[in-house]
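What follows is a set of notes on a single structure, which appears directly below.
A, B, C and D are the chain letters, set down in written order, and residue numbers restart from 1 in every chain.
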Amino acid sequence: MTRMTMSEAIVAAVADEMAADPSVYLIGQDIGVFGGPMQSAKGLWEAFGAQGRVIDAPISEAAMVGTAVGAAMAGSRPIVDLMFAEFLALTMTPLALEGASVAFRTRGQVTVPLVVRAKCGVGPHRGHAESCVGMLMSFPGLKVAMPTTPQDAYSLMRSAIRDANPVVVLEHMSLLHGARAEVDPELVIPLGAAAVRRDGTDLTVVASGLMVQRALRAAAELAKEGVEAEVVDLRSVAPLDVGLARASAERTGALIVVEESWPGSGPAAALCAGLLDTPLGRTGFPVRLLQPPATPVPFAASLETAFVPSVADIAHAARTLRSTMRGTVTA
Amino acid sequence: MTTELALWQAMVEARAFDQAMCRHNGHWHEARGEEAVFVGAYADLGPDDVVAPHFRGTCAVALQRGTSPETLAAGVFGTRGSDSGGHWRGDICPTPGPRSIGMFSGSLGTSVSYATGAALHLARTSPGAVAVCSFGDGTANSGIVAESLNLAAMLALPIVYVCQDNQYATSLPSAVALAGERVSDRARALGIVATDIDGNDVLAVREAVGQAVARSRAGAGPSFVHALTYRMGGHYMNDPETYRTPEEVAAWAERDPIARLQQLLVGHGVLDPAEAEAHSAATHARLEAIVAEAKERDDEEITPTVSAFAEDVRPELRSAS
Amino acid sequence: MTRMTMSEAIVAAVADEMAADPSVYLIGQDIGVFGGPMQSAKGLWEAFGAQGRVIDAPISEAAMVGTAVGAAMAGSRPIVDLMFAEFLALTMTPLALEGASVAFRTRGQVTVPLVVRAKCGVGPHRGHAESCVGMLMSFPGLKVAMPTTPQDAYSLMRSAIRDANPVVVLEHMSLLHGARAEVDPELVIPLGAAAVRRDGTDLTVVASGLMVQRALRAAAELAKEGVEAEVVDLRSVAPLDVGLARASAERTGALIVVEESWPGSGPAAALCAGLLDTPLGRTGFPVRLLQPPATPVPFAASLETAFVPSVADIAHAARTLRSTMRGTVTA
Amino acid sequence: MTTELALWQAMVEARAFDQAMCRHNGHWHEARGEEAVFVGAYADLGPDDVVAPHFRGTCAVALQRGTSPETLAAGVFGTRGSDSGGHWRGDICPTPGPRSIGMFSGSLGTSVSYATGAALHLARTSPGAVAVCSFGDGTANSGIVAESLNLAAMLALPIVYVCQDNQYATSLPSAVALAGERVSDRARALGIVATDIDGNDVLAVREAVGQAVARSRAGAGPSFVHALTYRMGGHYMNDPETYRTPEEVAAWAERDPIARLQQLLVGHGVLDPAEAEAHSAATHARLEAIVAEAKERDDEEITPTVSAFAEDVRPELRSAS
């Protein structure tokens, strides 16, 4: 067990898989002697560069992912460090429309074991915030993980590398270089499994990425007022663990979904669809969505702050929802 | 190395399959006239090499690599006997596998990056193995082709790119769409060794690709072969062909790649004209029968259950509905 | 008033706008002397080719859309005939991430009046069926229309061309060359307005594209059994007319959403999110989703048939939903 | 035509803005050493021409085109006084407008297609007007650049492409990433007239771009200018620069484009050394004050309401939440 930041944990997972499996290689921009953008590949060049397994690529994201798809079909397990999630929009044909479809089209005879790493989210970088997660979630077969703790980052990255088909790992820039925590390299976390981060009895807050942290802070505030919020961290958004979210909300009686992604697509919309897609065709609890408006992420610090749901927004939504519930006994 | 007689036979078989499909399948893209390019380019590869043919001709390459015409025809009609069990279009992706790349959606261009990635895999794991990758003159303009060639050159990958220039992308002449004099100059600009050859001469194709393959096997990196040929049929069945003249088509009929090699082999005494005709006729009849039989199975072979394709691969992604 | 197919109506709308406004031009593959794939540009070359306003482009979809974005910013009103919706995946950066963001980023000082036409859907073509509509709906500012009648095709195409920002018009291949109907060139239909295609009292079926036709057929069947289904045609999926769908379902008491697009994204998921995103946080009616499974569109005719919701599927879902409703009086 | 003295002054002002930003903004991308390329390329354009500079140098081009340094600085810090009202990054998109293209997301490459489209608009509506479009050596490899150049050549569009080759894409040397000997050969392969010039000589840049612009204005289609220069600073502030040697950087310091032109002008008697120093010092002081003042306004100028940007443009797309 070592204490690591999320960024260190991801690099450690990549290094451990590269050490264990010679078919794993890394390709991306500035991942060589530079060490990766925001240290995303720190130490990997020194460890694996001489073996030709850390490949510095020119600006050509579609081909970077396309070559990875082809190499994966041929027997490699490539990891593409795509730098920022925005750039995923350049790669949808090879990654999502085709790479993620091969296993279906061949009935599993040919698979495409490929990981794409991409940084996203509002944060110290002041740019490149868009995660494009809705876009990613709109193709069958493409898996998407979004860790929020060093342990999850480590374990989900290993699961992603071992997965038989394409997985995008979204790395939130406000979390990557946060606090260190213990990481157990033996702990396996499967893709598609959400986690309860805080037990609660009065309502459920489901979130991903940075919003998990804010939900936990809001829960701490609410606790002072005697409201116990359960906080669910999606961890993977595709496959989406609708079951755990539903079970929690059924127990607590109310659900708030907090997302940094745009309304109408992404985890929040998929969750809503999943919640309604039952034999009953409706939820037994009220649902409240907290998301940015449907505009690009603005630049000015004050506008950016207003854009993303805050701790106060979450706490406020929780209070409002609870008063609504008290007001309306029947649906 | 494939004998010249075998090249001729492969071209005859390719055309027989192609022409039978023209008769039986309204969705077919005829490849008549271009056989020298795809037969010549893929003739001398081994089982460890990666093939990524252009969609026009891809069934012929699969035939050459040993897939049975019955399986291929099932793929084109989308019936159970195909390599994808009817899940995907066998006309543009006949035998997907770790060493065989097809179109995984209807988008052209990406397969060039897949072949380039396969070459990267080969370079890392199987020194001496190569990838051969064809694409049309139209496809040559897509951005991912430029990106892939640059990566291949930069990483000195073992891959041979073949531009199967049949002078049209549907209705748009390559003379218009491919700015600049020769498409091969795009490769030269990247430091890739490039040649321009007569794509209706199967021996010239085999020679040029063969040399390029040898260079790649020796670790000298990628090559580019620009093979000029002509699409004798329409882009697809029922193409009105308003964009070209019958005279132009007729002039290229004179340069039929099969007739050309046949004449040469007859001249060399390798082939007897009557035998040649008999072999041709028999091959056409054989494939006509196979394709006609495959067509009969259309629509009736696959149990129409959702689970057949949804559950096979990824249970966790099934719709709850 | 002339009788037209949907395809003819779209071409007529383009021709009328080109005649009225010299800043409109058309770019795409095979739209010149060839007349457009599946006759999508029939007659336009003859009418406007000599003016240089019908531009035959090589295979380079990203640049086709990118040049259109630049031309639109500079003052043109380009229409890109992208052929098939699959190819939209090649254009997400210029079209969605950037082209649709310019008006936001400049507070409306610079707009991008641009239309992208794309054919999609299962149909006679036996290929290129994927609409990628979920991907399109995951970016703010990108509008998406999907007409189902000649009149809507004509009017929505004109609205799209006149819109100040990017609009994708999805043209369903099973509808394009269907029956002719009267088209009134004066009728204005705004983007974002759904339409009730059939009045009903017992439940509501909301659909887009080919699924509208199937919903109407299912409604006719159900009528024989004494069940009157209201059918809502979304017409535009972004902006999405959640209001009309909700109002109808509140009136009839039940909602079936039928989509040809994948679950978890697209119109169905956006609608679910919209329905829950109210002060109450839940629907007063049960919802049932009918969609293909999360796999690529299969090729074999029988598999394709099983993939897409059928008339029988819709009628069956309606019957089941009604019996559920009778069984469960409270939510 | 801009005088040589004005070119010198523009370069001095560009550097003064740049260096003030280096002092005050941790997110700035330093452009020191590359001034000759962007000042020379955009010096002689008219208001009807379209400019699409590379992000590194884009603020200098805006300065040259008349945007005030106050507005530009507000854009970089993201405050109300910027041309986007703080809605977008003014460092990479300072003055978006119908004749001025910037980066509309963080993705490089697409602006080249936008400039190409703007040129198509100009060709249709304003004969004689041109677009000038710069991009880095790294950006040159992106697929949309290749696609755009092909379209421009095929349609003979009035556009001049300038590759601002500062020899690095972050840490990757262009000598490695740009396969082939000269990036300009990629344009030549498309039949585009191309030149390779010393990008630290502003007069050579102006001359080459000027000739290309004249050709475009006359209807002769696109051109390509490859200007070799050097990024004197890191890719961004705090770049460890582990990928190059101090000796390499020092060697290029000898070729500083401002010092070079200054020496020439002093030699010609156009500029007095003392006056030059005084003007430089005054310019640096002026811009230091402007930038420092702009930084003060950081964070405090825009009312943090959602509606400020959501409702402005498209009420129908607002989130219901």
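As a convention for this text, a contact is a pair of C-beta atoms (placed from the backbone, for glycine too) under 8 Å apart; a residue touches a chain by one contact, two chains touch by 3 or more.
Computed from a predicted structure; not experimentally measured.
Participant: So which chains are sitting against chain A and chain B at once?
Facilitator: Neighbours common to chain A and chain B are C, D.
Participant: Can you compute the centre-to-centre distance for chain B and chain C, using the mean CA position of each chain? Integer Å is fine.
Facilitator: One centre to the other, that is 35 Å.
Participant: How far is the middle of chain C from the middle of chain D, if each middle is the mean of its Cα atoms, in Å?
Facilitator: Going by mean C-alpha positions, chain C sits 40 Å from chain D.
Participant: What is the distance in Å between the mean C-alpha positions of chain A and chain C?
Facilitator: 30
Participant: Just the number, please: Cα centre separation of chain B and chain D in whole Å.
Facilitator: Distance between chain centres, rounded to whole Å: 44 Å.
Participant: If I count partner chains per residue in chain B, which residues reach a count of at least 2?
Facilitator: 84, 87-88, 105, 107, 141-144, 147, 150, 154, 176-178, 309, 313, 317, 320-321
Participant: Would you please write down the residue numbers of chain A that are in contact with two or more other chains?
Facilitator: Where chain A meets two or more other chains at a single residue, that happens at 58, 60, 62-63, 86, 89-90, 93, 97, 101, 104-105, 130, 140-141, 262-263, 274, 277, 289, 293-296.
Participant: Could you tell me which shape the graph of touching chains takes: line, ring, star, complete or other?
Facilitator: Per interface graph, the chains form a complete graph.
Participant: Considering the complex alone, what residue numbers of chain D touch chain A?
Facilitator: Within the complex, chain D touches chain A at residues 27, 78-80, 84, 86-90, 105-109, 138-139, 141-143, 169-172, 176-178, 240, 242-243, 298-306, 308-310, 313, 317-321.
Participant: Flag every residue of chain B that touches chain A in the complex, lowest number first.
Facilitator: Answer in residue numbers: 50, 83-85, 87-88, 93, 96-99, 101, 104-105, 107, 110, 112-122, 124-125, 143-144, 147-148, 150-151, 154-155, 309, 312-314, 316-317, 320-321.
Participant: For chain A, which residues are in contact with chain B within the complex?
Facilitator: 23, 25, 52-53, 55, 57-58, 60, 62-76, 78, 93-94, 97-99, 101-110, 140-141, 165, 192, 239, 274, 277-278
Participant: Where on chain B is chain D touching in the complex?
Facilitator: It is residues 141-147, 149-150, 153-154, 176-182, 185-186, 188-192 of chain B that touch chain D.
Participant: Across the complex, what residues on chain A touch chain C?
Facilitator: Within the complex, chain A touches chain C at residues 86, 89-90, 92-93, 96-97, 101, 104-105, 130, 132-135, 137-141, 238, 240, 254-255, 262-266, 268-270, 272-277, 279-289, 293-296, 321, 324, 328, 330-331.
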